[in-house]
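Following this line, the structures themselves.
One chain, chain A, appears in both complexes that follow, with chain B as partner in the first and chain C in the second.
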Partner chain A sequence: MKPDTGWRLFLRTIVARAYPRVIGQQRVKKWVFFETVLPLIGTIAYVYVYKAISAPQDYIGFVVISGAMTAFWINIMWAMAAQLYWEKDSGNLALYIIAPNSMMAILLGMAMGGMVAASLRAATVLILGTWMFHVPFAVTSVAELFGVFMLSMVALYGLGMMFASLFLLWGRNAFQMSAVLQEPVYFLSGFYFPVKNFGVAVATVVSVIPLTLGLDAIRQLVFATGSSIGFLSVRLEIELLAVMAVAFVAGAKYWLDRMEKLAVREGALTDRRR
Partner chain B sequence: MFGYLRRSFVPAAWLGWQVESNWTDPFVFFVFSILKPIASVLILVFMYRAVSRVGTESPIYAYIYLGNAFYIYVGAIMAGASYSILEDRERYRSLKYIYVAPIYIPAYLFGRAVARFLTGTMAVVVTVVLGVLFLKVPIHLLQVNWPLFFFSLIVGVICLGSIGVILGAFTLTVRAEAWFVGEAAAASLYLFSGAVFPVTLLPEFLQPIGFVLPMTYWLELLRRALLAPGAVGFPTMAPYGNAQLLAILIALTSGFILLALAAFRYFDRKAREKGLIDVQSNF
Partner chain C sequence: MSPAMPDQSAIKTENLGRVYKTRGGRRRKSLEERVALQDVNLEVPRGEFFGLLGPNGAGKTTLIKILVTLLAPSTGRASVAGHDVATQPQQVRPLINMVSGGESSGYGLLTVRENLWMFGQFYGIDNKTTHKRIDELLEVVGLSDRANTKVSDLSTGLRQKMNIVRGFLTDPEVIFLDEPTLGLDVGASRDVHRFIRDWAAVRPTRTMLLTTHYMAEADELCDRVAIINHGKLLACDSPANLKRRLRREAIFHLDVSPLDGAVVDCYKLPGVRNLVHTAREDKSELELILDSDNAISGIINMLTEHRARINNLQKREPTLEDVFVDLVGMSLAEAEKHET
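After this line comes the complex of A and B, so read on.
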């Protein structure tokens, strides 16, 4: 039988790498439970902070939406970027490099498999949070909302692939980096408050994180008071997200190729002590 | 007996410190140690600023800020013992060697938890100093009740270490999903201990959970010690004086020490019976 090459190999690699992610989470039901409940508890705590300072009901909605979106960032940092470090630790990374498939396809497979679990988590936080705290949604455009979400995800996972390329070189500091990039990104992206509060200069700089513009646009599209707290217009945010999506995916391809060569040259692919 | 405990505790604390810190140079380690807690507290500061019209003078501001700052210890110490079991058993695969060494395992676990206390202290100090200098947290050094602060802090750390030993011992008996033990406990206590909002805001049926947790009293004592009397304005613990709160904290700590010893005996036996001391679960 003739071996797959080109796009067929690319697609088969995606499916092959997504498969264990999807099946794996079905096997250990407790993981699904804890991976869903833990972000929900954090979200509830932030909701009560807003209740303690008598915030308008829409702000509680901001927290619920952001609580749902944390699932995707956690998925990117721990199940995609840091995954190459885990693979190095367990001795599989060298096999990925030896195999004739593209590293992009492997990471894309991880992303798609991981998105199933992340989406389940996000949906649970969203549904339970909305039910528990009576979040008042006022969606103005479903089409724009869908577009913003999809563009944010493409840009975000592109960014995750760029991180993964760095993790090819790193050792234990990769683990520390994943841990340290959680709260600072939640802060800089304005996860739990409107990013407009940073002022124009800082908000512009932090907009390089796709979640910043994604969340700002989603809030404007789903809450009655959303437009008053928005940083930029939804249309402009959609355009910027589209640019970021293309730039991050292209950047990921470039850096993965470059870092793979560098890691091979420095012997960092199999050295578990690094 | 003392020498036996020291031989278990001191190397464990040193090992814990090395595992935490020797992956990079001291400066990078320091920056990494403070980035996460600072970002975490800044999230709350900006949430407050986005909504509040009364400014930082409101008692809830200092309540939220200090509660979050000192909660760093809860995550670090309590989850530390649980993670150390996970790391020793599955990542470094050294737990079986530690087990056959002539040491007392609960003291070893406590030592690993205390190592995290040291790294946590850096983050707490920087967060509080940042708050006082730049974020208008109303702490005035001359008005701080230092004896109450240090005594409460030490009792609280012993209590957290004991809970850490309980979680660590439980982790011995858990296989594939051991990572969640520390995280689940820290996240739940964040919600129920009134760290960043008064316990009375929770639904009534959940409030009793907050009142049986030592962290609720510990955080209240630390706030009272650091803030001037006028800055502490919440009725949750108002009926209790400092001495009463301290007595409750000491009683709960004593209870958790005894519980930690009993829990270790129980979970240790279960883990040995099931052959889980050197189990691998593709961590």
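After this line comes the complex of A and C, so read on.
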């Protein structure tokens, strides 16, 4: 039988590259523990801060939702953005490039696999946090909530896919970049407090991080007091997230093409240590 | 897109060259140029097992990188399976594969079978065919019982066998083997050689390009061998013909007590074409390529004058190592030291 080409090959590649992400994580049981239960401690700490100052119960819900979304950001920084650099080091990148598949399919596979793997941790934080602290959800529109979440994921992983090529071009600095972008993004995207508190100017600037608008919209849609703490209207946030999703995925394709061209021209990008 | 080159050689290069430009240092803005390949002309017909022999840094890997579409040539052109590698990489890629020595590709948390399946998918091979080929190839390389072992639990040798299977899994028209036995023990190397030979035997139209710095490997496996050094192709012929070039010369191996100045004096003697001196802890070894048998008497006299004791003197048939010494003026090991 003739091998698949075109979109069939594209889909095969996505599934194949997602596979190590989804299966690999479950192979080491202690990783599942460390990846899911330990991060809950950070979330719990913030919950107790809000409890100590007698903040409204919805604020505890904000923290639990943020704790769940943290899983995706960590996955994007360490398993998406830095991934091509690691692939280069192991020799996989050269094999990916010389295969007839599309490199974009490889990146999409990484993203899909990462999303599924991070969902486990996110779901654990959400379920345990909700159960432990009696988070009062009041979902106004399930369809909108689903739409916001999916758009946030596409925008976030689009950003991660774009970073993957950029981090590869930056070489060793990729690891520092991951570290540098982790904590500041927690702070700036309003992980543990509504971003509206920054004021309009700062909140507008930090809205370029898809997490900021995604979290803000999700909070507005799932808590009774959500609309009062929202930075922008949910509709506008959905529109902006859609623009970001398209822009980041297009950016990922642009930088991937540039990386491939540079790799072939310079040769250094596919070198590995023996 | 330009049409496929009419020529149907498996591999063809015309005046192929590659220059690397690197910055001298952090603060130096000027670019330093290093010539990795220079005017390489090569033609490998379909079905041939072709070897590229040379020390580390000779340009072997650069040539392979160009042929597998990973690197653009600076000058000249190259084609694989009739397609230009620079302008038609998408046509070349489904037809080729590559296995490198010391490779750590794949994912340690996946099993051997899962890793191989994954790479098969990148070539669009359906699941049934992929698993059938995996079973067959694992059986041949003796890895069947490790199919469900995590790759992180494999030894270096077993992991390299898996990499070999990965390369052959896609049944490529042209396969590039870049030092495939690097770091393997003798037994594992032998297994790899046997597998490669058997695979080629049942697929006479498939082409293999092997780079190695193991002379015996090239001698044993290849139909033709090209010797490359400093990016230049020095010779290209069958191992037998290359060795025949030295048939008229006399090749001697001598074990003598440790030498110092005597070696330098030996170079000056008439009839000495090349000499490789290896100093061991308690002795010196000399590999001599002489114009004729008569020249050995001069060597013996010279060594005697320097009070060196000759423990062993042996005349032997030429090897590819001797061909390399004759062409480059030093042994492969010396050439590698020189390079570093």
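FYI, the second predicted complex is superposed on the first by the 263 of 274 C-alpha atoms of A that agree within 3 Å, B and C clash if a C-alpha of one lies under 4 Å from a C-alpha of the other, contacts with A are read in each partner's own complex, and residues count from 1 in each chain.
Convention: a contact is a pair of C-beta atoms (placed from the backbone, for glycine too) under 8 Å apart; a residue touches a chain by one contact, two chains touch by 3 or more.
For clarity, every value in this text was computed on a predicted model and none was experimentally measured.
After alignment on the shared chain A, the placement of chain B and chain C results in a side-by-side fit free of clashes.
In the superposition on chain A, A:S90 makes contact with both chain B and chain C. In the superposition on chain A, contact of A:F72 is made with neither chain B nor chain C.
When the shared chain is aligned, chain B comes close enough to touch A:P194, but chain C does not.
Of the two partner chains, neither chain B nor chain C is touched by A:F133. Legend: residue contacts after superposition of the two complexes on their common chain; A:K30 is shown touching chain B, with no touch to chain C. When both complexes are overlaid on chain A, the residue A:R8 reaches chain C alone and has no touch with chain B.
Once both structures are fitted onto chain A, a short way to say it is that chain B and chain C open up an angle of 90° at chain A, using Cα centres and rounding to the nearest 10.
Once the two complexes are overlaid on the shared chain, A:I98 sits against chain C while remaining clear of chain B.
Once you line the two complexes up on chain A, you'll see the smallest CA to CA distance from chain B to chain C is 6 Å. Residues common to the contacts of chain A with chain B and with chain C across the two structures: 28, 90.
Only residues 23-24, 32, 35-37, 39-40, 42-44, 46-52, 58, 60, 64, 91, 176-177, 180, 183-184, 187-188, 190-191, 195-198, 201-202, 282 of chain B touch chain A when the two sit together in their complex.
Remark: chain A residues 1, 3-5, 8-9, 12-13, 15-17, 19-20, 23-24, 27-28, 90-92, 94-101, 106, 263-265, 267, 270, 274 touch chain C in the complex.
In the complex of the two chains, the chain C residues touching chain A come out as 18, 20, 62, 65, 68-72, 89-90, 93-94, 96-98, 100-107, 109-110, 114, 117-119, 121-126, 129, 150, 170, 182.
Of all residues in chain A, those touching chain B in their complex are 28, 30-31, 34, 37-38, 41-42, 44-46, 48-56, 59, 89-90, 171-173, 176, 179-180, 182-184, 186-188, 190-194, 197-198.
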